[in-house]
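Shown next, in structure tokens, is the structure this report addresses.
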Amino acid sequence: MDMTAEMTPERRAELDARVQRKLKKRYRAAKRFHFYCVGSLVLAISFLAFFFTDMISKGHSAFQQAHVQVDVDYAEKNLRFTKRAIAEDMHDIVSRGWLRDLRRVKKENPELVGTKAVAWALADDEVDQYLKGNKDLTGDDNTVEQKALAARIDALKADGKIKMKFNVGFFTNGDSKIPEMSGLWSAMVGSILVMVLTLLFSFPIGVMTAIYLEEFAPDNRLTQLIEININNLAAVPSILFGLLGLAIFINFFGVPRSSALAGGLTLGLMTLPVIIISTRAALRAVPDTIRQAAYGMGCTEWRTVRDHVLPLSMPGILTGTIIGIAQAMGETAPLLIIGMMAYIPEAPEGFLQAATVLPAQIFTWAGMPERAYVERTAAGILVLMSVLILMNASAVLLRKKFERRW
Amino acid sequence: MTMNLAATDLSKTPTAKESPVKIACTDVNLWYGDKHALKGITLDLKQNEVTALIGPSGCGKSTFLRCLNRMNDQIKGVRIEGSIMMGETDLLDPKLDVVNLRTHVGMVFQKPNPFPKSIYDNISYAPLMHGLVKKGSECDDLVEDSIKKAGLWDEVADRLDASGTGLSGGQQQRLCIARAIAVQPEVLLMDEPASALDPISTATIEDLIQELSDSYTIAIVTHNLQQAARVAGYTAFFYMGDLIEYDNTGQIFTNPGQKRTEDYITGRYG
Amino acid sequence: MTTGQLLLLFAACLLLLAGTAYVIGRRRAEGIKAGGTFMNSQPGQYGQFAATWTAVPAIVAAFVGWVATLFGAEIISGKLIIAAAVAAAVVGLVWAVRQVDPELRARLGVERVITAALITASMVSILTTLGILLSIIFESIRFFGMVDFMHFVTGTEWNPDAAPEGSEELITKGFGSLPLFAGTFLITGIAMTVALPIGLLSAIYMSEYASPSVRSVSKPLLEILAGIPTVVYGFFAAITIAPIIVAVADKVGLQASYQAALAPGLVMGIMIIPFISSLSDDVINSVPESMRDGSLALGMTKSETIRHILIPAALPGIISATLLGVSRALGETMIVVMAAGLRPNLTWNPLEAVTTVTVRIVDALTGDQAFGTPETLAAFSLGLVLFVVTLILNIVSVSMVRRFKQQYA
């Protein structure tokens, strides 16, 4: 068809027919594409849903722990070899750790010594896992002893002598090689110590850097270099910060390995760009009219920033800081390099002592062979995720509450 | 009463011909949410004529223009009533295929918006997608013809592979016009096509509009009264969503029937 | 005394002296002002001036002393440093108080010190980059003093245990990094195959199709994916995804390892989805509305407009998002440490176990080996490569986005 010809009804009809011929196919393609887009979003969100369901289903049982009722003979001699304090058929049902701790009765409850009493003892992890349905003791692969144990557990349960109680120890104990005794306490303390140092280190330096770049810096090569550098630092793989911490802080400056100080310094450097970038955005959001008004009143550059610009941008700065700290709180890789995955049964008491943090504790437990650690790892993840979601939610709220449109 | 109300030069104004009606709009009402943006517009666009839509900002002239190719469908919360008939077809019929409609009614926008593709691909994209032409010489001919009709051929003939975004503003707008005609429309809608251009490019575009009116029915929104006087045979004056007056351009500019039209044309508000 | 106690003592002395300086400086200024003389600055600013000139010399002295001990000047004890610092502070105090005078521009002095402090703070980020660079470069130089460079780059066998120990000659065995990089690229490739389409299409859905309410819910939900700690993803990959992969592979008659590259790759892809989607969303939204109108007015359907006009227009931004995603994936550590293998394996089969650069870095530095053996130093050389590659990706990505933004500014 001659496309340059004058429009006639015949030509119009032919053109319309050509458009119609392709139209169905094009609409089908449009529908398909729409479907792919919806599907992608649904897929991404269902990953999230699957992840949380998976973690909750694996981890929720760790918040309960089996306890067993036993007769305890607190005779003096039994408190040295505590296995004798309970009946022999309970030895594989009661936790080794609980038996070990019976020794402390002499110091903590001296009035009990020499008496006999009924106590709710922590059950062994095998018992606990069997009761939670995580471990099979009655199947074809199990030994005769295991089957017998299962029968005794069932009998005790029928008698009401085994109960599930809230797992207080999970929050108050440190790490332990005895699964039922292990808890998050030392990791939580370690995380708090490290985060305090990270904050102390990155917040002032980050805010100062941002103030300099945004309010004072002349536009020269050095300033541009600092800016490019900060953008790149924000994208450097976190493990490289670990190499830096190892080579500079530990090997060169002699900061103790595994200490909260080494962790705080390393994570502080890592958080620095996040704080700088968000602080700069917050400073930039303050309109220049505010600055000009302050200059007009005779404020110097520094007074203008300190008394007028900084207070106005504080919500934004704090939002960015919380997000940065939350990121640091979930970070593991650089901490592995500086040795913060050590076995820490007792909470650290200072910044120079060996410490571990929540994600490192999760990593350690994830590598343990016992079934009981799987649920504790997942439960640790739930705790960590709750803290992180809480932090991020508060950052969002802070931003919403103080958001100001100029 | 014959008086030249404004310093508007009417010497170039095309004489309105007694052409057949191309698009007949009857009682068109449009709401953005609660806002009644078009109030009972009744207006006929004559075939192969330029109709200028004038009026102060926010008067509904662009909204009305966008009804003619259903571009308002894009905006959420828009409700339209009334009828816009093109031949036997009601353009407001919700069952109407808008893709098909837009091959009949082309549009050129305020800001030149060439695609980030080559000049050739800018023109050939839509005709190929619609299946109007096949790749090869048929398509080449169409591209050449469209660019020629848009008066751009001499400037770009040797660089059809260059990017369309590299052209000057006026050239970009003519490219957009060429792109619109390549789809073989009968009606061209132009939304302030020269407002983002310099005076020389504006003059070129205005000449082009006059030429194109031989083969296309054109509706042009403009805030430039002189431009309306120069290119349009008919002029419609919109005010606050109402169509105040619609007549041939000479009549509107020299002898408006309404006080408000006169005020606007003499520059009492705008 | 322990380091902590020394620090405390130092801080206490410093606070005391600076406080004294502030009070004396202020009193003196007030005295002069009371005499009716016009003062250049407020009395409090003279106080700040005196306090600054007391604290800064002390801190400088203490820092110099401490650095000297690090470089082996063992005669300098902690107490000696503190004594020197206090002396410096006293000298500063006396000098500053004497300077107090109507002509003295105390305010200007204080402002200068503050500016200097701000500049010093900005240097920390530069020093961090330098620190990373220097630490990995120095150890890498040591490494390449022991191991042949060409062997490291082109060798196909990574097995530090097999390397000869204590030999004088350059090692040419056991440190071929190719399998590590192949493993890294395999897992990165899987991750991007997941993340790129899902992230991009989700972004398109949210910016072009979704209603504002759907958008306001789904965007933060996707952001949660980016906030999940990588150690958590690692556990998820190892405990949940890997067994599923093995089971599915078994069903279709394939052999999959529990450390198959597919598990960490898939999970890493999920982790990267929000990076791709939020950056793509950003660039797609910054393509001007007139581009959409232009295409729709030509009779294009929405999907044609998106596929043929918006995506090509936003392409530089999308490529840049992809590069950032790749950079993330290359440097990701915990997911692969927990879910990928330890054994280097030169393969393209995603169902086999492979190991990655980051896994070997962690493995080399968390074992019991003495620092300074080729194996631990190798970690730094691998780190150097990682740094250079991610740096290039980041720079290219940032400059592409900048050019894109300028185009539609």
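Brief remarks follow.
Each chain gets a letter, A, B and C, in the order it is written, and its residues are counted from 1.
The rule is simple: contacts are C-beta pairs under 8 Å (C-beta built on N, C-alpha and C of every residue); 3 or more make two chains touch, one makes a residue touch a chain.
These numbers come from a predicted model, not from an experiment.
The chain with its Cα centroid farthest from the Cα centroid of chain A is B.
Relative to the whole-protein C-alpha centroid, the nearest chain centroid is that of C. For the criterion of most C-beta pairs in contact, the winning chain pair is A-C. Measuring from the averaged C-alpha position of chain A to that of chain C gives a distance of 18 Å.
Measuring from the averaged C-alpha position of chain B to that of chain C gives a distance of 54 Å. A separation of 59 Å divides the Cα centre of chain A from that of chain B.
Residue positions 299, 301, 304 of chain C each touch two or more of the other chains.
Chain contacts: chain A has residues 19, 26 touching two or more partner chains. The residues of chain B that reach two or more other chains are 99-100, 103, 129-130, listed in rising order.
Chain contact summary for the complex, chain B toward chain A: residues 97, 99-100, 103, 129-133, 138, 141-142, 145, 184, 186, 215. Note for the complex: chain A touches chain C at residues 19, 26-27, 29-30, 32-34, 36-41, 43-45, 47-48, 51, 54-55, 58, 204-205, 208-209, 211-213, 216-217, 225-226, 228-233, 235-244, 246-248, 251-254, 269, 272-273, 276, 300-302, 326-327, 329-333, 336-337, 339, 341, 350-352, 359-360, 362-363, 366, 374, 377-378, 381, 384-385, 388-389, 392, 396.
Those residues of chain A that touch chain B in the shared complex are 1, 3-4, 6-7, 12, 15-16, 18-23, 26. Residues of chain B touching chain C in their complex: 69, 71, 74, 76, 98-103, 106-107, 109-111, 113-117, 125-126, 129-130, 165, 176, 179-180, 183. Chain C contributes residues 211, 288, 290-301, 304, 308-309, 312-313, 407 to its touches with chain B in the complex.
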